[in-house]
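Lettered A, B, C, D, E and F in written order, each chain numbered from 1.
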Amino acid sequence: MPLLIVEGPILKDKDKKRDLIIALTEAASKTYKLPREAITVLIKENSPENVGIGGQLLAERIPRCR
Amino acid sequence: MPLLIVEGPILKDKDKKRDLIIALTEAASKTYKLPREAITVLIKENSPENVGIGGQLLAERIPRCR
Amino acid sequence: MPLLIVEGPILKDKDKKRDLIIALTEAASKTYKLPREAITVLIKENSPENVGIGGQLLAERIPRCR
Amino acid sequence: MPLLIVEGPILKDKDKKRDLIIALTEAASKTYKLPREAITVLIKENSPENVGIGGQLLAERIPRCR
Amino acid sequence: MPLLIVEGPILKDKDKKRDLIIALTEAASKTYKLPREAITVLIKENSPENVGIGGQLLAERIPRCR
Amino acid sequence: MPLLIVEGPILKDKDKKRDLIIALTEAASKTYKLPREAITVLIKENSPENVGIGGQLLAERIPRCR
């Protein structure tokens, strides 16, 4: 602990995942004054069929998006 | 925000997902007196091998279910 | 299971909580074709100091809100 | 309710899942003095590309792990 | 990681919390073949006004409970 | 969406919360190429009696901490 859970869309690029984890770990380490080793990040990828925004499926709201 | 996370079994039918998202968004919008656009819904689908009820795997409790 | 977790602002009114739980339970029961007894709802109330939208504290974005 | 959510690495072995669910259900049942039937467990499996520990991807921290 | 999140009713007794944490840590350590130090447990206590089971507030379903 | 949930210890300082929210929003906005307005952050504060690390209560592991 601390733990950060990111609920986002699908993220194919491993480099983006790495960059996100570095940035979040850095921010949490600074806020809580804890070493980076104490910070865990979980990236959750949600299919656009399983996300609703404003009562619409993300899959139908932005059909070209993925 | 608000955000609603649904932890349920696998739901193959896209129409069912859409209907669920509409109903949950409607209910949250009414309760919090916020426009629908403010409401996010995430549907999480759990494999029956990863769910335990009463100490039994859902996969073994209802073998025909999926 | 299914379980619905609602992450929202503070909700003082018990009647609103009851109404929300009824509506969410009804919707989930219909979608998953499961009896109401199988559905659990958890309402999480988040202090406006602990919510960020668009990089701003909810407490500062809507100062009159609670 | 109670509900236990386990965020862990990928767990291929169904027997291990069953054993984990039994042990967690037993522990929760004892603590809350509730029958096992009231306890739900969800096992979440996270890809090593989606987990960051100490600012490093789990996939890169332990490359042989899966 | 692994992380275990327990969503349960209010649990006043610190000894019960300690016992629950020990049992869950033990079980996860065994399943994932990881040292205890790698396991984090979060106990979440939910007010009976914020829990719905079968469409009823827990506060009204079991009025004597707390 | 995206949504970031931070499970951490108690964080009394409002400025720290604001800084954390800004940093996390910035990072997520960059990764997902979405405007800041799309990003929500929830900070969850966990009492040291409700956190277990390595099978020990955080309250007992670091008694002076809060």
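By definition in this document, contacts are C-beta pairs under 8 Å (C-beta built on N, C-alpha and C of every residue); 3 or more make two chains touch, one makes a residue touch a chain.
Because the structure is predicted, anything quoted here is derived from the model rather than measured.
Trainee: Given the touch definition stated above, what is the smallest step count connecting chain C to chain E?
Mentor: 1
Trainee: Averaging over Cα atoms per chain, report the distance between chain E and chain F in Å.
Mentor: The answer is 20 Å.
Trainee: For chain A and chain E, let me know how many angstrom lie between their CA-based centres, rounded off.
Mentor: A distance of 25 Å separates the two centres.
Trainee: Going by the contact rule already set, what residues in chain A reach two or more other chains?
Mentor: Only 1, 3, 5, 7, 24, 26, 40, 42, 46, 51, 53 qualify.
Trainee: Draw the chains as dots and join the ones that touch; what shape do you get: line, ring, star, complete or other?
Mentor: other
Trainee: Going by the contact rule set out above, which residues of chain C touch chain B in the complex?
Mentor: Its residues touching chain B are 1-9, 11, 16, 19-20, 23-24, 26-28, 30-32, 46, 51, 53, 58.
Trainee: Where on chain C is chain E touching in the complex?
Mentor: Of all residues in chain C, those touching chain E are 5, 14, 17-18, 21-22, 24-26, 29, 35-45.
Trainee: Give the list of chain E residues in touch with chain A in this complex.
Mentor: 1, 3, 40, 42
Trainee: Contact residues on chain C for chain F in the complex?
Mentor: Interface residues on chain C, with respect to chain F: 7, 46, 49-57, 59-60.
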